[in-house]
Amino acid sequence: MCGTDKEKDKNISSGRPYQFASLDFERRERTGFAEVVFCQGKPDGFLQDIFLRLYNENGEVMGTRASPEQYNAVRNILPDAVYDTVSRIIKVESQSAKTKKNRLAGNIAVCTAGTADLSVAEEAAQTAEFFGSRAVRIYDVGVSGVHRLLAQTDKLRKANCIIAIAGMEGALASVIGGLVSVPVIAVPTSVGYGAAFGGISALLTMINSCANGISVVNIDNGYGAAYIATQINRLALKGNTQP
Amino acid sequence: MCGTDKEKDKNISSGRPYQFASLDFERRERTGFAEVVFCQGKPDGFLQDIFLRLYNENGEVMGTRASPEQYNAVRNILPDAVYDTVSRIIKVESQSAKTKKNRLAGNIAVCTAGTADLSVAEEAAQTAEFFGSRAVRIYDVGVSGVHRLLAQTDKLRKANCIIAIAGMEGALASVIGGLVSVPVIAVPTSVGYGAAFGGISALLTMINSCANGISVVNIDNGYGAAYIATQINRLALKGNTQP
Amino acid sequence: MCGTDKEKDKNISSGRPYQFASLDFERRERTGFAEVVFCQGKPDGFLQDIFLRLYNENGEVMGTRASPEQYNAVRNILPDAVYDTVSRIIKVESQSAKTKKNRLAGNIAVCTAGTADLSVAEEAAQTAEFFGSRAVRIYDVGVSGVHRLLAQTDKLRKANCIIAIAGMEGALASVIGGLVSVPVIAVPTSVGYGAAFGGISALLTMINSCANGISVVNIDNGYGAAYIATQINRLALKGNTQP
Amino acid sequence: MCGTDKEKDKNISSGRPYQFASLDFERRERTGFAEVVFCQGKPDGFLQDIFLRLYNENGEVMGTRASPEQYNAVRNILPDAVYDTVSRIIKVESQSAKTKKNRLAGNIAVCTAGTADLSVAEEAAQTAEFFGSRAVRIYDVGVSGVHRLLAQTDKLRKANCIIAIAGMEGALASVIGGLVSVPVIAVPTSVGYGAAFGGISALLTMINSCANGISVVNIDNGYGAAYIATQINRLALKGNTQP
Amino acid sequence: MCGTDKEKDKNISSGRPYQFASLDFERRERTGFAEVVFCQGKPDGFLQDIFLRLYNENGEVMGTRASPEQYNAVRNILPDAVYDTVSRIIKVESQSAKTKKNRLAGNIAVCTAGTADLSVAEEAAQTAEFFGSRAVRIYDVGVSGVHRLLAQTDKLRKANCIIAIAGMEGALASVIGGLVSVPVIAVPTSVGYGAAFGGISALLTMINSCANGISVVNIDNGYGAAYIATQINRLALKGNTQP
Amino acid sequence: MCGTDKEKDKNISSGRPYQFASLDFERRERTGFAEVVFCQGKPDGFLQDIFLRLYNENGEVMGTRASPEQYNAVRNILPDAVYDTVSRIIKVESQSAKTKKNRLAGNIAVCTAGTADLSVAEEAAQTAEFFGSRAVRIYDVGVSGVHRLLAQTDKLRKANCIIAIAGMEGALASVIGGLVSVPVIAVPTSVGYGAAFGGISALLTMINSCANGISVVNIDNGYGAAYIATQINRLALKGNTQP
Amino acid sequence: MCGTDKEKDKNISSGRPYQFASLDFERRERTGFAEVVFCQGKPDGFLQDIFLRLYNENGEVMGTRASPEQYNAVRNILPDAVYDTVSRIIKVESQSAKTKKNRLAGNIAVCTAGTADLSVAEEAAQTAEFFGSRAVRIYDVGVSGVHRLLAQTDKLRKANCIIAIAGMEGALASVIGGLVSVPVIAVPTSVGYGAAFGGISALLTMINSCANGISVVNIDNGYGAAYIATQINRLALKGNTQP
Amino acid sequence: MCGTDKEKDKNISSGRPYQFASLDFERRERTGFAEVVFCQGKPDGFLQDIFLRLYNENGEVMGTRASPEQYNAVRNILPDAVYDTVSRIIKVESQSAKTKKNRLAGNIAVCTAGTADLSVAEEAAQTAEFFGSRAVRIYDVGVSGVHRLLAQTDKLRKANCIIAIAGMEGALASVIGGLVSVPVIAVPTSVGYGAAFGGISALLTMINSCANGISVVNIDNGYGAAYIATQINRLALKGNTQP
C-alpha cells in the first residue's frame, strides 16, 4: 500500500492492489473543517502517507489518539510535527496558524470532573484551538465538592459553548446545564471501575440529564465535542456561514 | 388457602394442601424490626390473612406497595386501617404508636430530585416514622438548579442519615455526599424514559458516585432505605443495641 | 395536595403536609427559557396547579407529553389552552407570542427518517416555535432512499442547526452530518421493533456516528433537541447573551 | 495429539488418547464448498495436521484469521503456502485454481465504510475469490460523505450480491440497500471505541435497517459473508445446483 | 392530515400543515419491488390514504402487521381487501396477480421450529407469494426432535433459498445450514419467556451459528426474510436483472 | 385450522391450508415422557385439538401455563379436566394415574425462598407428581432467615434431587447446595422489581453459585426442573432405563 | 501468609495477621466429595499450602484451571503431581485411586460441538474420572453436521448423564436432549467471537432450549458439570446415599 | 506537569500550562475525613506531588489501589511510607495515629465469602483502621458452607456495622442481613468468571437482596465501604457530630 524498498518475501502479500478513493479534499469547502486523522489502530505506513497528503494539501495537519511510536513515524517524514503526551495529539501547524494562536476567537469552556479526565479534556481543548477557537480550561470541578464548580460560574457564563467532561457517574453536565444559557456538550469518559462499565454509566447519566441544553457525544470523544463546540462558537461569532 | 365459604367447583383447586412455615415472629427480637408486608402481587385472601396475624401478634401492622383495591380488602377485616395514596402504604398503628408520633426520635433527611419521585419519598418517610424515626422532608432539590439544594445545607447537616432519591440521571446523591459527614442512602427511581431504563441509569450513577459515603438500594426501594436509615438513626441515638 | 371539595374519607390521605419549594421562577433569567411542564405521569390536580402558576407568572405556558385527558383537565382551568394531537403539546400562548409567530427568527431544520417519527418531530418543531425559532420541516427523508434527502440539501444548508430524528437504525444523522457545517442534534426514537430495543439501537448508531458535528439527546426527546437548537439559533442570530 | 519426537516429561500429558471423528470430507458434496480452517486459537501442531489432511484430500486449502506465527508453522509443512497480512488468510491453491483466477465468475461487490474495515473486507474478497467468484472492491465509501458512495452506483448495480462492511454506526448497508435490487450481506466490524461496544452497535444498526434486502452476519465475519455471497452468485450464474 | 368532515374543535389541531414528500413510486423501478405498508402503529386515516394511493398507482397493494381493526378501516375504502388472521396481512391483489398465483415461480422453503412461530412464518410465506415466488411450508421441525427435520431433507434441497424461523434457542438455522448448499435466511422470533428476552437469545444463536450460509434479519421480521429470499429466488431463476 | 361451523367472512382467512406434522407420539418411547402442552399463547381451537389428540393417544394429558379461559375451552371437550389456579396446570389423569398417586415413587424436594414463588413451585411439584415422582414441599425458607432452611436439613437430605426456586437475589440454591450430596436444580423466578430484571438477577446468582452440584433452568421454568428431577429420581430408583 | 525465609523489607507487609478458618474437611462426609482447588488467580504460596493440607488429609488432591507455572510450584512440594496441558488439571492420585481407574463406574458421556471446546471437555472428563465415574468422550459432533452426532446415538443412550459442551451458538444440547432420556448438563464455552460475547450467547441458547431435560452451568465450567454428572451417575449406580 | 530536570525534546509537550484548583483541604472540616488518594492510573509525578501536599497538610496520608511501582515512587519522596501487598495501600501515618492504633474505637466486622476476596477485604479493614475504627476480620465464611458463618454469629452481633464482601453469586450479604440488627454494607467483587461479568452478577444479587438493612457500593470498592462503616461507627460511638 505504501511502497517500501526492502526485499519482499513473495509468499507474503498485503491485500490485493487497490486504488483508494481520493481523500475527501472538498470536505473543507463543504463543512468548514479540514480532515483530521484518527491515528489509533492505523499502521505507520498508512499514517505517514495520509499525514503527508493532508499536509501538502492544507499546509497543516492534525492527528488524534496517537501513540509515541506513531509520533516518531510521522516525525520521520514531517520533522516539524509536535506531540503532546497528555492529549496524544500530533500536529503540524502552518505559520499562519501559529500566528493565529494569539488571536483565537470566541470562547469555549472545557470543564472536567476530575484529574483523570485530563487526557480527554486536552484532546478537546487543543482540537478547539487547532480549529481557531479560544479554549478556557476549568478542570477538577466535580460535583462531590460543588462549591469548586460554583466558584467558576462567571467564567462559565462567558463561554459560547461548554464542554463538560466526566467519568464515573458523570453528573457534572447536569449541574453546569442549570447554571448557563448556552449549549453544553457532554463527554462521558472511560474513567472509573466496576459498574462504570468503561464510560457507559457516565454516558447514561448524561443522556438522562434532568437539565436542559445538554447533548452527548461518544465516550472519550474530546475531538468530537470540540468540533461541535467550534461550530457553535463560529455561529456565535459571525452567524451561519454554511457553504 | 384462606378458606372461603362459597360452593367450590371441585374440578378447580388451588395448590396442594400445605402447612406454611409460621411467620417469622422472632424477627423483632433478632433484628429490632417487626415484619412489614410487601403487598404488590399478593392475592387479597393471603393479604388479609397475613395482616391479621401480624396485627394480632404486634398490635400494629404496616404494608407497602398496596393498591386501593388491596386497601379495601384489608379494611374489611381491620377497619382501623388507614391508607396513603401517595406512599401506597396501609397501616394500623397501635395507640402507643400514635402517641409516640409526637416524639419521633432522631433525624433522617429524605431528599428528592423532582416531584415525580414523591411516591418513593413518602414510602421512605412514612416507613421511617412507623419505625419511630423523625423524617425531615426536603423535596424537589434536583441538581439542575443546584442553588435549591444548597439552600437546604443546614437542614441536611442536622440529620443522622440522609436518603437521596432520584430518577433520570440520579446525580443528587453525589452532590449531597459532598456536603455532609453522615451516610447517604441513595435510592434510584424508575422515573424517566428512554435511556433511563426504568431506573438502571440512576442506579449506575449512584453506584459510581465520585462522592464518599454513598451506598445504594434497589430501584424505587424507599422502604429499604428507611429501614437502613432507621438502623443508623438508632445507633446515633443510643449506640448499638444488637440482641 | 391541591384542595378538592368532595367529602374526604378520613382513613385515606395523600402524603404528609409539605410545602413545596417555590417553582424555579428565576430560571428564565438564568437560562433565557421559561419552565416547560413535562406532563407524562403527573396527576391532574398537580398539573392544573403548575399550569396555573406558570401562566400567572409568565403570561404563557407550555406542556409536553400530554394525554387528551390531561388536556381536558388543563382546559378546565385555562380555557384558552390548545392541544395538538400529534405533538401532544398543550399550550397557552400570550397575545404577543401569537403575533410573534409571524416573525419567528432564525432557522432550525427538523428532519425525520420516516412518518412514524412524526410525533417526536412535531414536539421538536412546535417547541422551537414556542421558544421563538423558525422551524423548517423536512420529513420522511430516511437513508434507504437517500435521493429524497439529497434533494433537500439546499434547505438543510440554510439552517443554523439541524435536528435529525430517526428510529430503527438511526442512520439519518450521519448522512446529514456529512452535508452541512452546522451542529446536528440527533434524536433517537422508540420507533421500531425487535432489536430496536425501544430506541437504544438508534441511540447507539447516533453516538457512534462516523460523521462530525453530531451530538445526541435521549430517546424521543424532541423537546430537549429543540431547546438546544434554539440556544444555537439564538447564538447565531445575536451572539451569546448569557445573563 | 500430533506426535512430536522430543523427550516427554512423563508427568505432563495433553488430554486422554482420543480418536477424532474423521474430517467432514463429504462436506464438499453436500454443500458445494470445501472446509476452510478457522485458525485463531488453534495450536500449531493441530493446525499443521488439519492443513495437511485437507490439502491432501482437496489439492488446495485455505485458513482464515491466521497470525504470522501460524503462517510460519503451516509453511514448514506446506512450503507453497502464501499469506496475506491484511486479510490474515493462509492459502495453498491448486494449479487449476491459479489458472481459474483469470476467469473468476459472476460479480460480488465488497464495500467498506472506512479504511479501518480493510482487514475484514479483504477476508471477504479473497474468500470469495478462493470460492471462484469475482470480487469488485469498493472501499472507503462511508455515509458521512455519501457522494463517494453514490459515485459508485453503476458498479454496485452490476453485482449479483453486495457485501457491506462497516463499524462504528454501520449505516452503510441501509444506504446501499436503497440503491440496488440484489441482496446485501451486512458485516458489522469491531472498529470503533466507547459505545461501539466492539461491533455491537454496528450489528444493531444493520439488524434494524430501514432498507429492504439486508441480512446480517457476525461481527468481523468477512468469511461468512463471502460464503453466502458466493452461494448467491452461483445461483445467479447457473441456478440452484443443490446436491 | 386526512380531511375528515366532522365538526372540529378548533382548540385541537394535529400537527402543522405539511406537504409530505411524494411516495417513493420509482422504488419498483429501482429495486424491482413495490412498496409494502408496515401497518403497526399507523393511524387509520393515514393507513387508508397510503393504501389508496399505492393501489391506484400499482393496481395492487399489501400491508403487514395489521390488526383486525386496521383491516376494517382499509376495507371501508377498498372493499376487495382480504385479511389473513394468522399472518396479519391485508392484501388487494390485481386480477393478473390472482391468475399468476397458479404459476408462482421458483422455490423458497419456509421452515419453523414450533407452532408458535406460525404467525411469522405465514407473514414470510404470503409475502414471498405476493412477490411471485413459490413458498414451500415446512413447519414444526424444531431440533429437539431432529428426525422430523431430517425427514424433510429432500424438500429442503429443492429450494433456491431457505427461511429458517425459530424462537427460544433458535438452533434450527444451524442444523439446516449443514444440510443444504443455498443461503439460509434466519428469522429469530419473540416466542419464548424468561431468558428468551423477546427474541434476543434466538437472534444471538443465529448470528453465532457454527454453520455456514446463514444470515440474520430482525426479530419477527418474516417480511424482510421473504424480500431477500425473493431476491435470491429471482436471481436463481433468471440471473441479476438490476435496473 | 380447527374447522368451526359459523358462517365465514370469505375475505378473512387464517393461514394457507397446511398439513401439520403428526404429533411426536414416539416421544414417550424415546424419552420416557409423554408430551406436555405449553398452553400460554396458544389459541383455544388449537389447544382443544392438541389436548384431544394427546388424550386419545395416551389416556391422559397435562398442560402448563394455562389461563382460566383456556381451562374452560379444554373442559368443553374434556369434561374430566381439572385445573389448579396456583400452578395453572390443566390435567386429565387416567384412572391408573389416579391410583398410582397413592404410590408416587422416590423423593424430590421442592423448596422456595418466598411465598411469591409459589406458582412456580406448584408447577414443579404437580408436574413431578404427574410424572410419577413423590414431591416433598418445603416452602418459604429464604436465606434472610436461614434458620428456617436449616431446620429442614433432614428432609432435604432424604431427597434424590432438590428443586430450589427463588426470585430476587436467588441465593437459596447456594445454601442448599452446601447441605446435600444430590443435584440441585435451580429455578430463578421473575419475582422482584427494579434491578431484579424479571428474573435475570436470580438466574445470574444461580449460574455463578459458589456451591457445587447446582445447575440452572430458565426463569419460572418449574416444569423443566420437574422433568429433570424426575429423570434423576428415576435413575436413583432403578438405574438408567434409556430405550 | 505462608512464611518465607528471605529477609523482609519491613516497610512492606501482606495483610494483617489472620488465622484462616480451618479447611472444610468434613465436606467429604457432608457431600460425598473431597474439596477440589480452583487454582486460577491463587498465589503460589497459598496454592502450595492448600495442596499440601488437602493431600495430607485425603491422600489425594486435585486442582483445576492451573497454569504451567502453578504446576511447577505444586510439584516442588508434591513431586508426584501430574499435569495435563489440555485440561489444565494438576493431580496427585492415591495408589488406590490409580488402581480404581481400571474400574471406573457407571457412564457419563462428554460431548463437544467443536475441537475448540476440548479444554473444557477434558476438564469435565478428567474431573469425572477423578471422582470415580467412567467418562465416554464424544467430541466434535456440532450440529452443523448433524449426522456426526446421530451416528453416536447408541453411545449417548448408554450414559447415565450427558455433558454437552458448546460455544458459539450452543445448539448441541437441544439436539442431544431430544435423543435421550437422561439429564443433559449443558456447558456453554467462551469459544467464539463478536456476538458470542465470551459465552453468553451459548449460555442463553442453552437456558432457552426447546428440548426437555437440560440444565445449565456457568461458562467454561467443565468441573461443575462433572460434579453434577457424578452425583447423578452415583444415584443411578446405587441410589441416594446422602449422609 | 511536575517539573523534571532532564533535557526536554521541545517538540513534545504535556498539556497546556494550567493551574490546578487547590486540593480540597477544607474537606476534613466539612466531612470529618481527610482526602485519600486513589492511585490507580495516576502517573508517578502527579502521585508524588499529591502525596507530598497531603502529608504536609495533614501529617499523614493514605493511598489505595497502588502498584508496587507506585509505592517505590512515593517512598522516594516519603521514606516512611509503608506498603501492604494484599490491600495495595500506601500509608504514612502520623506518630499520634500509630499510638492511636492501640485504641481503635468501636467495632466494624469485615466478612468475606472466599479467600479470593481478600484484597478487597484488607482494603476495607485497613481503611477503617486508618480512619480510627476497630476492624474485626471474619474471612472465608461463604454461604455454600453456611455453618462456618453461623459459628461467627456472636462476633457479628457485636459490630456497629458489617461489611459483607463477596464475588461470584454474592449471597453472603443476604444471610448476614438476617442475623443482625445493624446496617450491612455489601461490596460485590470482581472475583469469578463467565457469567460473573466482573462483579455485576454479585452486585445484582446484593441490590436485590431479600434481607433488610443491606445497601451496596461499587464493585471492589472496599475503601468506600469502610468510609461509610466508619461514619456509622462514629455515630454509634458519639452521635452525629456534623460540622
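For this structure, a couple of remarks:
Labels for the chains are A, B, C, D, E, F, G and H, by order of writing; each one numbers its residues from 1.
One rule holds for everything that comes next: a residue touches a chain if its C-beta (ideal position, glycine included) is under 8 Å from a C-beta of that chain, and two chains touch if they have at least 3 such contacts.
Not measured: the values here are computed from a predicted model.
Of all chains, the one whose CA centroid is most distant from that of subunit H is E.
Computed centre separation for the pair subunit A/subunit C is 29 angstrom, with centres defined by C-alpha atoms.
If you average the CA atoms of subunit B and of subunit F, the two centres end up 35 Å from each other.
In terms of their C-alpha centroids, the spacing between subunit C and subunit G amounts to 57 Å. Taken residue by residue, subunit B touches two or more other chains at 145, 178-179, 194-196, 200, 203, 207-208, 212, 218, whereas all remaining positions touch fewer. Applying the touch definition to all chain combinations yields A-B, A-C, A-D, A-H, B-C, B-F, B-H, C-D, C-E, D-E, D-G, E-F, E-G, F-G, F-H, G-H.
Residues of subunit D that touch subunit G in their complex: 11-16, 18, 20-21, 24, 27, 40-42, 46, 188, 190, 198-200, 203, 218-221.
By the touch criterion stated above, subunit G contacts subunit D in their complex at residues 71, 75, 81-87, 115-116, 118, 122, 125-126, 137, 139-141, 145, 148, 191, 193-196. Contact residues of subunit H toward subunit B in the complex are 30-33, 107, 157-160, 178-183, 185, 203, 207-208, 212-218, 224-225, 227-228, 231-232, 235-237, 239-243. Contact residues on subunit A toward subunit B in their complex (touch as defined above): 113-114, 142-146, 150, 168-171, 174-175, 177-179, 192, 194-197, 200-202, 204-212.
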